[in-house]
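A, B, C and D are the chain letters, set down in written order, and residue numbers restart from 1 in every chain.
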């Protein structure tokens, strides 16, 4: 266990994954087809987890667990084009007993293309019922989140400030600074 | 213009599109790959708009306009599998001057698989700047939305009630019935 | 067994499947991405087999068998575009003990887009070793092929004539009419 | 011109491209969906051409030319699975005035998965009519092919030997050593 904890976690809590846009990714509008950002985000999540010592093969074989996507929000901000080199920055907003919320930002040569908030549930492969994240992986994921603690994002659409806290992420009104009580991402998440 | 207005709009404001799940749609988990629901939703939107007399070829050729996806939220509720026959029900939540919010529910043989809220922007093909939806199409889209006015959905995740109003959709707390002031989907949407 | 044999087989040995081209299918060249013809062909094969009483669910559940693609040849003749309605015509060239060769032609509003020759192997799901096609399905597939017997195609690229025979397909030189002895599609096929 | 010629060409005429298999690539059979090998091959071709100083952006902008796929043959030999690391080896079999034939072999941890023969045509972007490959690029592509000259492949399916010659590729009977006169891949290719 000693070898997987500190070295595997990016110091700033951001795991980076780079990819190239090929013809397969584009559509007749000349830009990356909107659904493909979900594919990019999944590639980046997979590599982020692998780098942190949580390859899904091990999850399945050792624990009979896997992460499944429960909820995705995507804000599309700028088109990516053929041949663009894109970087996906993956960060953790929340770590629960059987869930995980990630923020993934896809950036290209002209700025941010898309920001995804991805809610994952840890489920048992046998019956897809919720399964608790094994303690040592939860420790890794929490350390990954903590590396972002106190860090704030500005939501481009609403102007709200999103801040990562140990207890989950807080959303504050940009003008008043008051916390906004959004529908909680609770256990069913 | 007389022929496109009332007949093209589904009486109950729900446009239905049916599809089959093939190998191409599934992944090694044995279920439909999560990004593919966005492809299904786009097929269904295209056919819904075509049926209402708004094929995108006409948008591009007659007006130099197209709809682009600005925001997508997906709640995944139940897996779809190989050979399943799925139906996408498309409804309108909001019609703005240059924007449109749709609710798309993908149902399968065992119940609802995914619910998508899709924010579309009408943009000029020349420079992708916002462009106003032409009046007769806006009339059609408004009639489509009005066919749903007063109808309420229950959000499976939060329990909140979402009601379609002429002025946009309202979200109310399930317990108190008070309206919830969510970050608005404003002009940038 | 009585109900699946003659009625399920198209009288002229051609099973037709129609589809629409959506944004997801196109690329930045404004045309259908070349790999997507393989997806179209697979949808069409699946429906052709289902219509003939050979749904793959039944193959897997009743016999522990499935068809896998062993070889594909695609001639691309004409681009398909957004919104095009395409028809895939599926015909059988050969039926072996554990294999099947299909010809699939994808046609669009401006003519033939692509012609695929698809070699399928029947394998056991347990270990993916070759498995014999069950007799009643082989009878159906042979009847489907026989409906084409004697029919000839002209290969657009080489000019050769391809004729469906009970013993497999023959390829003849367009000028001399002599049979061409191509590398056989033998057991490994 | 001095900087693009010798350094950009792999000494052994094989350009290598490595990729990882993600969920998006697999199907319900637990293996890589067969059409995805065409996507992998296209990524590898793009990078091979880019490394040789022929990025398609430059083709389009400087010469109004692009390569389109005219013909593809794929032999599927072994399944690739989730998380596999695959390498695509791209080699040139033929270089014509307005065409190119590549051999692309996709190898995985358990051996060769698929071998593709890909016929590309150089066409004008304006009207998709054949366009001659510009001389300096033809020189690069010929050098790439020549690095393979004399090299022989064994066709796994037929047992035939395929040898790269300056005048194109020759196919010889495995037993007799006699050249086989296959339908030529001529100008229309």
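Simple rule for what comes next: a residue touches a chain if its C-beta (ideal position, glycine included) is under 8 Å from a C-beta of that chain, and two chains touch if they have at least 3 such contacts.
Owing to the predicted nature of the structure, the values given are computational and were not obtained by experimental measurement.
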{"item": "Interface composition of copies chain A and chain B: same or different, split at half", "value": "same"}
{"item": "For chain A placed onto chain D, the superposition rotation in degrees, Cα atoms, nearest 5", "value": "180"}
{"item": "Most distant chain from chain C by Cα centroid", "value": "A"}
{"item": "Whole-Å gap between the CA centroids of chain A and chain D", "value": "36"}
{"item": "Geometric centre distance via CA averages, chain B-chain A, whole Å", "value": "25"}
{"item": "Between chain C and chain A, distance of the C-alpha-averaged centres to the nearest whole Å", "value": "42"}
{"item": "Of all residues in chain C, the ones touching two or more other chains", "value": "23-24, 29, 35, 39, 42, 82"}
{"item": "Chain B residues touching chain D - in the complex, by the definition given at the top", "value": "23-24, 26-31, 33, 35, 81-82"}
{"item": "In the complex, chain D residues that touch chain A", "value": "20, 22-24, 39, 42-43, 46-47, 55-57, 82-83"}
{"item": "Sites on chain C touched by chain D in the complex", "value": "29, 34-36, 38-39, 42, 66, 68-76, 79, 128, 155, 157-158, 160, 180, 182-184, 188-189"}
